[in-house]
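What follows is a set of structures to go through.
Next come two complexes built around chain A: one with chain B, the other with chain C.
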Partner chain A sequence: MKILTLDQLDQFFTRISETWELRLPVLLPDGTRAIAPFTSAPPALLGGAVPGKPTAAFFPQQASVFTVYDGALQEPQTPDRPLFIIGFTPRDLACLRFIDRFFADGWRDDIYFRQRQHAVVAGLSGLCGPNGAMIPPAGGDCDLEFFFDGSNWLVVPYSEAGQAIVASLPDSSSPKTLELFRQASAQPEDENEILIKRASELLQADRVPDSFWAEIGERCIACTGCNLACPTCTCFGVQDWRSARQTERSRMWDSCQLDGFMREASGHNPLGSEALRTRRRIHHKLAADPEKWGEISCFLCGRCDAVCPTGIGMVAVARELVTRFGLTESKYLVTGG
Partner chain B sequence: MHSSKQLYNSSSLYLPFDCEIISIKNLTPAEKLFRLRRLDGAALGHLSGQFVQVSLLGWGEAPISVASSPTRDGYFELGVRRAGSLTGAMHQLQAGDIIGIRGPFGRPFDLAQLHRQDLLLISGGCGLAPMRSLIQYCEDRPEEFGQISVLYGAKNPEHALFKDDLAVWEASASFACSLTVDNISSGDCYSGNIGLITALIPPLSFDPAATIAVIVGPPVMYRAVIAELKKKELTSDRIVVSLERQMRCGVGKCGHCTIEHLYCCQDGPVFRLDEVEHLRGAL
Partner chain C sequence: MKRTLTVCPYCGCGCMFYLVSNQGRLIGVEPSTTHPVSRGGLCVKGWNAYAFVHHPDRLTAPLIRRDGSLQPVSWDEALDLVVARLRAVQEKHGNDAVMFASSAKATNEENYLLMKLARAVFGTNNIDHCARLCHSSTVTGLAETFGSGAMTNSISCFDQTDVILVIGSNTTEQHPLIGSRILNAVRKGTHLIVADNRRIRLARQAELHLRHKNGSDVALLNGIMQIIIAEGLADPEFIKARTENYEALAEAVADWTPERTAAATGLGVEEIIAAARLFAGAERGMIVYSMGITQHSHGVDNVRCIAALAMLTGNVGRPGTGVNPLRGQNNVQGGCDMGALPDLFSGYQKVADPLVREKFAAAWGVTALSDKPGLPLTRAMDAASAGHLYGMFIMGENPMLSDPDQGHARRVLENLELLVVQDIFLTETAALADIVLPAACYAEKEGTFTNTERRIQPLRKAVEPPGAARADWEIICDIAARAGYQGMRYSSPAVIMNEIASLTPIYGGITYDRLDPHGLQWPCPDREHPGTPILHLERFTRGLGHFSPALHQLPAELPDDRYPFVLTTGRTYFHWHTGSMTRRSHLLDREEPRSFIELHPDDAARLGVRNRDELLISSRRGQVLTTARVTDMVIPGVLFMPFHFVEGAANALTNNVLDPESSIPEFKVCAVHVEKLP
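Entry: the complex of A and B
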């Protein structure tokens, strides 16, 4: 385990940025935080998860597929410098692990891996949550992890790339290892994790009536904030942009909460109501993905609940769902639940 | 089904290859048949039931089923209805023009399941385009199948697709072929069946233990046809459906064609009925 004092951090990032395209949490002029290039704004590692989806580094809102300029085809190039990105909380890292698997499975998505394959991902944990709250260490799912012990950053490499990057840093003399911090911060499964698992059970058992989705769907204003903020939402549309000499084909994030998401050229729409679309958004994460991938694809980052103006983010819906239709024989049932 | 695949030598999965339009034939006032070949001379390499992503620069991409059998060498055909901006632009093209193609994609008809079986090939409207690929295959390899019955329903005589093919199939000793139209206009020169395609099923006599029904048609058709087939004691594992969805990528990434946990572009578009009949929104 290595150590970086707060004074050494800026020097470390400057060194990293000589080789890598460094992106990290920064403080924006409006007081919010975002993952952005190192030189764009003051670094702001403290404060917990950033509001935007961190997986946008590899699955951006818009990505070029190809460009035809004056009749000549041009494919996007692999970036000159690989990405070094820091700012993933352990829950964000779980999201990244999930979509890594999604984009690699079957047809390997070259647009995603163009940026992802040589990137170094660093996790953030420790006493760097909102108002200094403890974020338990990830212990993996990344190349290296930055853990804030309240005074310094402890840096733990997990991959060869991570080890090479931290090799020149001083070793930590702290008697506390990350494992000891993990044990000290260990908590019983939190309420939201239990809620999500129980909601998943209910959906997989098909015990949620259509009337529930009609009611929840009525509240959706189709702002698509939930999808745009979700680190495991991977749906996209394809669009050609034409100008006088150039046509660019690109792909852009899409939202299953929009009426046109599945509408076919014939006019038929398998998701022709807010109820069906809202059900699809929740069901996909909690029932379809467990069936296909063996795990729930919501890792409780909380972004959709934070951005939804009408209170139908994932945890909010799971809570309503469990409250109304909760299983009595659930394996996740807690006393009084 | 989910092993890692790399189809093209191209650096990108999303880059189409060039195909030349060999010929264009008007099928109906709204549908044309495009005969194509790859510019590099290679075969498309498709199987009946698969689709391609048609790419028109400036218009994007659209999924279109292949309407010809892989047994027909040197070309492949796409039946295209003018329904949106891309298909509208495609209808303006001429023989000799170049378009982009990605694919073929999707799970084809399972020829092992159909082997030596009597086949009921039931299609409606545009559904005859993907079905035609299978029918042509049956024409070219009749020894692989039992008795073949083609049932086709169109809105009216004018909108019936592949009229030349239907005439050949009706005259063929290898096929039983029945056409029906929903209605006719006063000036139509038509003396065949009038009514929904479901009306063609009750008179049929077949052994449900030796018969496979394949259905391709508009969404409204499936439940009604399946109900008629089940009255004839055909079980769900002997009914095959091909489902239309708006695939945007063809490779299981864009999310537009999901049916619960299934991706229609990869797990389908061809499914056995027992694989999907319990899934919300499948039919």
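Entry: the complex of A and C
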């Protein structure tokens, strides 16, 4: 582990950009934050998770699958310089771990891994949450982690690539420091984690009536923002653009909140109402994924709750669901509403 | 990889977002978290606003019709021909034989320039745009009653109100980021009344849902006002201090007893009384309306009644109140503000006023400007068929799908001596043109758009236009120069805005350096003015608010034995108008891939129609094939059909009857026959 002052951090970024395409949280012109190329805007490492999903670096909203020009197939190129991305919070890193496994499972998604395989991923934690709140360190799931102690950045390597980068840094300090912070920031399971687990339990026990989903579905305006902001949503659609000599196939983020997502060619749709689609969205993360992958695939990053214009993101729905149907009989007893 | 802060090209909400681009190609959209409307969210069209931009159908070269087909040519050849042919038509038939159609999809600067081109260079006031089809009745009705034809309040007011009356607006689908605010307000205790006979999403959350007959809005509003007056629920202090002509209103609505209103609207007496008490009883009430009010042969009367209801209850000039017409297009407010209207210069300054004409003539360096008001867009087709109009220059509009009575529109457009279309795709209208000019889309140019709350916002260039396509403002300036006019040379849209500000009092304080990040709301008369979130605070723009009573009139065409259904038309959430952009956006087109018509289960059962059956719909104007959607969204006897689809075009059926004052067509009511195909 090394320690970087703010000046040293800036020098470090400059040096990293010589080898990698460095992306990090920046402040855009109207105060919105995003993970963007270094030097494109002032860095903004403080403030917590960025609103857009950081996994978009590897799985962007739209990406080329291939182009056929005059009968010749062209596939997208591996980038000249690998990505170095700072800005994944520990929850974001859990999401990345989840979709890494998803995209590698069975048929390996080469479009995803073309971006992902040589990328260096850096976590972000410490006193850099919203309004200076503590984000507990991830302690893994990334190549290296930047931890803000309130004045300096502790840089902790985890992978071989991370070790090599950290070894090249000028300063060093006692490895006990991060452990002290970790202990100091250790806290009992937070309310949202308890909520989501209880909601998962209720869904798996089939304790949530259809009427609940009808009510939530009435508030869905099908903006699809919940899916598009979610780091563990991996569904995509495919389109072909044809012109005289060229066919360009691309894929784009899809959404299970759209009627067309599951509509059959006949026109019939087994998920033909907002109620069923909303149920599916929540059920997939909290009941289907635990069955398939052994874990809930919502890591409580909060993006769907922030992006939803009508307040039916994951935590909001889980809270309503648990408040109405699951206040008792659980090891995850919840007292708030 | 780059992010460009810009304005959504779809509805009047005017959300701002970042276009994400990589190596000159758009790869996505990210909402602005700090914008006062979007606040970190977007609707489905906003999230997909990047998707059509690089579509292979984009126009990339000017086209000229030769030997019956459109052939690519150079800009020089195309623009010289545009000028020569416009001049030829004018020399043969007079200056007013050509019409310029501007666009609510183009920027303020471009609307101003096309208006200037028509008036200063080609000497005609025949300039209009699609506001004629959506809110011309608002502009007329609110100018008369309040003195300003725009949304009185701000979108943030939906968070500060006690009751919202939504009449003729499917807000969650057509202004989704306003609709969602209404949904949120209701959850926090705001009362909601929806008057619309479709069972729209807001209606399903409303305390009262009034499913009145199509075209009976004046009766309903007069009935509500009668109850308010009779029960002493009006605001006498506001009426006395801020308004005039109240006695005429009170007299006009006196006969509209609940029983008579019920008979005229098809509603129950109790629900009308409940609505009147709920609205008038609240401290702060907002009225929201849109095409369901405006697109009638008595659209201006509908607007007059809405203005009267707001004044009667003292709901003007305070936060959480107001008359809030939701402007449809991203820049339809700006198109009107810029004077792309046949009788008004920018800032609603009258063509009829000699001092105004003098001011513009002096600024533009021309000797005189025509004092004869031009043709409204909706009267252009009739003027052409009557032999008064021979050439049209259409920028970014598609009347082949958007105008009423498509057969009539097609015959006229095909028979013009000259049709020039400037657009981003070869639309159904462009396909009929003699000359087609390829334009840059919203993501490829700079300028400003003005949203429904009068917020003038900066549009920024994210990527280059395809091929030889150019920004509309550049094309217009080039045409002016080739026509021998030296007064339209600008280095950038910012310079054009300086000229607009110098001639347009409500935009007087607008300069680009003041628009970061999220714009200013007009009126903004000088450089120090902070903009105006709420109109008519101390006094109405016209001084006193004017009560204009209206008489109930039936729609022009009602069902009969031969055409027994009412057809009402509109839009879907997933498509935008004539679909030139959204039907080229994969997820949006997948969501609503084909024309459909909604009919009630009772009607379907009677006709033996099932969901997704193919139907032949006929009116006195034409017939179309479409697909049945059996749903209780509509009431028995009423059908709803969106107008986005070239195959199954609703406007092949609609009635080209116009409101006499605003010239808005009656898109919302015509009579049709339904036949199930074997």
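The criterion applied here is as follows: the second predicted complex is superposed on the first by the 323 of 337 C-alpha atoms of A that agree within 3 Å, B and C clash if a C-alpha of one lies under 4 Å from a C-alpha of the other, contacts with A are read in each partner's own complex, and residues count from 1 in each chain.
As a convention for this text, a residue touches a chain if its C-beta (ideal position, glycine included) is under 8 Å from a C-beta of that chain, and two chains touch if they have at least 3 such contacts.
Computed from a predicted model, the values in this text were never measured in an experiment.
In the superposition on chain A, A:284 contacts chain B only, with no contact to chain C. In the superposed pair of complexes, A:254 makes contact with chain B and with chain C alike. In the superposed model, A:202 lies in contact with neither chain B nor chain C. When the two complexes are overlaid on their common chain A, residue A:66 makes contact with chain B while staying clear of chain C. In the overlay built on the shared chain, the residue A:156 is in contact with neither chain B nor chain C. Judged by the touch definition given at the top, the superposed model places A:271 against chain B, while chain C stays out of reach.
Once the two complexes are overlaid on the shared chain, A:239 sits against chain B and chain C alike. In the superposition on chain A, contact is made by A:308 with chain C only, not with chain B. Contacts of chain A with chain B, set against its contacts with chain C after fitting on chain A, overlap at residues 237, 239, 242, 254.
Residue ranges of chain A in contact with chain B, taken from their complex: 65-66, 68, 73, 75, 102-111, 234-240, 242, 247, 249, 251, 254, 256, 261-266, 268, 270-271, 276, 279-280, 283-284, 287-289, 291-292.
Those residues of chain A that touch chain C in the shared complex are 23, 28-34, 36-37, 40-41, 51-52, 56, 60-63, 218-219, 221-225, 228, 237, 239, 241-243, 246, 248, 252-255, 258-260, 267, 306-311. If you check the complex, the residues on chain C that touch chain A are 1-3, 5, 16, 18, 20, 22, 26-35, 40-44, 46-47, 50-51, 54-56, 172-173, 176-177, 179-181, 183-184, 187, 201, 204-205, 516-518, 573, 586-587, 590-591, 593, 611-612. The residues of chain B lying in touch with chain A in their complex are 1-7, 11-15, 57-62, 81, 83-84, 87, 126, 218-219, 244-246, 248-249, 251-261, 266, 280-281.
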